[in-house]
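So that you can tell them apart, the chains are marked A, B, C, D, E and F in the order they are listed, and the count of residues begins at 1 in each.
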Amino acid sequence: MSQHDRVTCAYHEAGHAVVAALLPEADPLHKVTIIPRGRALGVTMQLPEADRYSHSKPYLEAQIAILMAGRVAEELFLSQMTSGAANDIERATELARKMVCELGMSPLGPVLFRRPASAWDTDARAAGFSEQVARRVDDEIRALVMRGYETARQIIARERAAVKGLATELLEVESVDADRLKALIAQHVVPATPAITA
Amino acid sequence: MSQHDRVTCAYHEAGHAVVAALLPEADPLHKVTIIPRGRALGVTMQLPEADRYSHSKPYLEAQIAILMAGRVAEELFLSQMTSGAANDIERATELARKMVCELGMSPLGPVLFRRPASAWDTDARAAGFSEQVARRVDDEIRALVMRGYETARQIIARERAAVKGLATELLEVESVDADRLKALIAQHVVPATPAITA
Amino acid sequence: MSQHDRVTCAYHEAGHAVVAALLPEADPLHKVTIIPRGRALGVTMQLPEADRYSHSKPYLEAQIAILMAGRVAEELFLSQMTSGAANDIERATELARKMVCELGMSPLGPVLFRRPASAWDTDARAAGFSEQVARRVDDEIRALVMRGYETARQIIARERAAVKGLATELLEVESVDADRLKALIAQHVVPATPAITA
Amino acid sequence: MSQHDRVTCAYHEAGHAVVAALLPEADPLHKVTIIPRGRALGVTMQLPEADRYSHSKPYLEAQIAILMAGRVAEELFLSQMTSGAANDIERATELARKMVCELGMSPLGPVLFRRPASAWDTDARAAGFSEQVARRVDDEIRALVMRGYETARQIIARERAAVKGLATELLEVESVDADRLKALIAQHVVPATPAITA
Amino acid sequence: MSQHDRVTCAYHEAGHAVVAALLPEADPLHKVTIIPRGRALGVTMQLPEADRYSHSKPYLEAQIAILMAGRVAEELFLSQMTSGAANDIERATELARKMVCELGMSPLGPVLFRRPASAWDTDARAAGFSEQVARRVDDEIRALVMRGYETARQIIARERAAVKGLATELLEVESVDADRLKALIAQHVVPATPAITA
Amino acid sequence: MSQHDRVTCAYHEAGHAVVAALLPEADPLHKVTIIPRGRALGVTMQLPEADRYSHSKPYLEAQIAILMAGRVAEELFLSQMTSGAANDIERATELARKMVCELGMSPLGPVLFRRPASAWDTDARAAGFSEQVARRVDDEIRALVMRGYETARQIIARERAAVKGLATELLEVESVDADRLKALIAQHVVPATPAITA
């Protein structure tokens, strides 16, 4: 891994981690690392406090913002856009699609929107295969992803110190655990936002 | 199951049950429980009085309202929207689709609307694959689901005491049978609506 | 079968039978019964006078009206709309589709309208897969079904006595044969329409 | 076969035969019969004078007019529209589709219009899967079929005597061969159209 | 083969050959024959001077014009349009489609336009499945074919003598080889176009 | 291989190579050859300096410009457009599609745009199957490819000497390695653009 790839990765993961730490609805952080595993350059791991049977709308919105935060950090600190965000984009879009089409969490309401595999199959449990509905579904999905992107952008713009501090430490020690993350963020976080806790 | 998940489940099922109890066309209630079984956190069981050969429009409309009532209760009592309503949304949308496309129970009239698997297959017994018809079908399906949501919202807003009473009892004893349900609802129900019986 | 289901079925079949008896183009009635067989609650049986090699437009229009008459009777006598008409709706829509798309019996003219299984397959013997044609085909199919519904509604509104008489007898004796049907209808039929014969 | 079916068939085949006899581009008539074979009630047989390697536009237009002539005769003589024309409609539409989409015989020009089986397959040798082209193709196909219908209508309206004469003979002797057909038509044909020969 | 079919074929092949001989970008002619082989009534054979690794835009445009020339000759000399051009139409449309969709040889630019087999398949290397793009692609394909038709029409209208001379010789001797073709065309060609060589 | 094909190939590869050498984000050149291998007439090989884990937006834009440069060189030096660019067009379009639909590198934002294989399949992780989104996606893909084409055109128009020098050398020696390429480009490159390095 080139030094440039290491720096990219450190800021990308630091972005994920800081946004995850500062969104109260998100699962708590477990570990952040820039040691490659498999096809991933780095990983930000979260641990749900308890087995969750269902997810709330703010929790899913937080997930989308966390997924967007990797690209946002690359843009704000390194002025770059890379293919490293492809998987984040895929997962964020899928979460947004689920919220709109299956979970009734958009202005379109609690209706299932799914075009059945073979058009109007009798078994298909779905509404929505007119172009008009498809357009509104597309708009809502895109709006949810862009809102998550904006949330991530605002947090990272405000907490530049925390992101930079974590990225610097990652470049030195490669992995940071939950306790050290809490300490780092407590040290750097902008004090004017007391309501947000890790 | 976390305490928060238990509370969510109790209000969700109490919503289903109270709306089912107060809609005269609905099948009578048999049991409500928040003991998880399979992938479901809780269950509201209804028993048809006799084997029904066919279902009336008000019966199907009541079913949609009952399915919507779980989410409505979460919204009104817990100010939350969760993924727990996914299955309710799917079933309500499918009922609405059947009413519009197969049962002639919408302003589109007694016509079968079904796009055949392979476009205009000779065997296909259906009309409706123009974009114009697809849009009207989508509108009617969504209108039926939203009407059921509104029915549930009005009943639960009026009968907050009954829903809260049932949810509280569910959190204590986990299961409530038909007789106790009748008693609970009789105790809490708003007296100004004498025409509605369990 | 509950008493309510029996009444529903009796009026549904009586509707089919009276409209079949009074439309001169229809096949003659053979028997009406409310004894369930298979998934059908009741049956109205017609017998073609001779093996027919081809069907005229008025004959097919009469068939659609007869299929609609079951739901119409439920609406006019019982003020209800049930899922029992699902099969009637499917068959009426298919007859209308055939008339428009295969038999040249609509203002669209003697042209085959069929979207081939795999889009513009070389083997496909069909016109009509533009959205514009699809919309006009949809409109004509719906118009034919609604016309049949209106024909049934007018006959049943005028011949309430005959439908009620037949339904009452069906509830008593469960099956009525051709001769008794003729007698019943002759007894009840409104005299001002001498041109219509069973 | 009922007497009504026999009359229908006689006029239907007489329509085919007279239009075929009077269109100079058509293949010569071989035999007309109302003896049922297979699913066909009657048959009008033509014999190409020589093996043809290719077909001209007027020949194909004549074929469409001949196919339409069965229904036209039923309409003009019996004031009826029956399902007996289904196969004629299918074949006429397919001829028109070939002329427009494969043979460059419409104002759309010598371009192949065929939507490939799997959308834009590399192997697909075709233009035309935009909605705009689909609409124009539909319009041209319908125009060709309707033009054939109009040609048949004009010939049969003018040659009522010939059609009636042939139908009457068919009802008596069931089959008429080429020589007798020529004689019959020569006897009945309106003299003011000397340019048209059998 | 009837005499009419032989004449049709002779002019059809003479059209192909004369346009091929007079378009400088076309492969040189090898042989023209009206001896049927397989399903083809006649053949015009061209021989590339060397194995070509790639084809230029003028070469492909010439191919389309040559393919159109058969029908053009039938129209100008015999005032007829036959099904014999079906294969020419298919091949010309496919060449035009390749030029527009794969070779960047239209105003749409060097972009691949191909609708993937299964919609937006990940593997699909293509743009262009919106209706807007489909319409522009259709327009460009049609424009290329029509331009080839017009090129052929202008050449054949000017070189009537050469086409007639070749067709006459084909009817006498059935096959004409490259040297004789050159001689024939040199003898008949209109002198005012010295820049065009065989 | 004909001399014309050799010249075409030399300029085509020289175009690829010079644009690759002068775009700072591109991978360094390894070798250029006009010795055919497999179906390719010539090859321009680049070597990434290190294994790259991810690609930046400017790197992908450079790739598109390099792919376009072959056709651009043919147009500017030989005034021709050939089918030899088919593979370049396919790869450039696919890169542009990835940037827009998977990597969030267009004004449409960090959203996955992919029409699922079987319409609205539950498993599908994607937005974007309305016509409106399809049109915007098409526009962005085309814009990216055309921008790469314009970049290549500007570089080659300015560096005509370098392209001509390399093509001439390729026609003599058939293969040019990295060092010689650097020397050639240093010798010919227009001095007014010091910021661009090989």
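The rule is simple: a contact is a pair of C-beta atoms (placed from the backbone, for glycine too) under 8 Å apart; a residue touches a chain by one contact, two chains touch by 3 or more.
Because the structure is a prediction, the values reported are computed rather than measured.
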{"item": "Touching chain D and also chain E, the following chains", "value": "none"}
{"item": "Interface sides of chain A and chain F: same vs different residues, half threshold", "value": "different"}
{"item": "Centre-to-centre distance between chain F and chain E (centres being mean Cα positions), rounded to whole Å", "value": "33"}
{"item": "Approximate Å spacing (C-alpha centroids) for the pair chain A, chain E", "value": "58"}
{"item": "Touching two or more other chains - residue numbers and ranges from chain B", "value": "118-119, 126, 128-129, 131"}
{"item": "Pairwise touch network: line, ring, star, complete, or other", "value": "ring"}
{"item": "Chain F partner contacts - residues on chain A that touch it in the complex", "value": "1-2, 5, 8-9, 36, 41, 68, 71, 80-86, 88-94, 96-97, 101, 113-119, 126, 128-129, 131, 134-135, 137-138, 141-142, 145-146, 149"}
{"item": "Of chain C, residues touching chain D in the complex", "value": "49-57, 60, 98, 102-105, 108-112, 118-122, 124-133"}
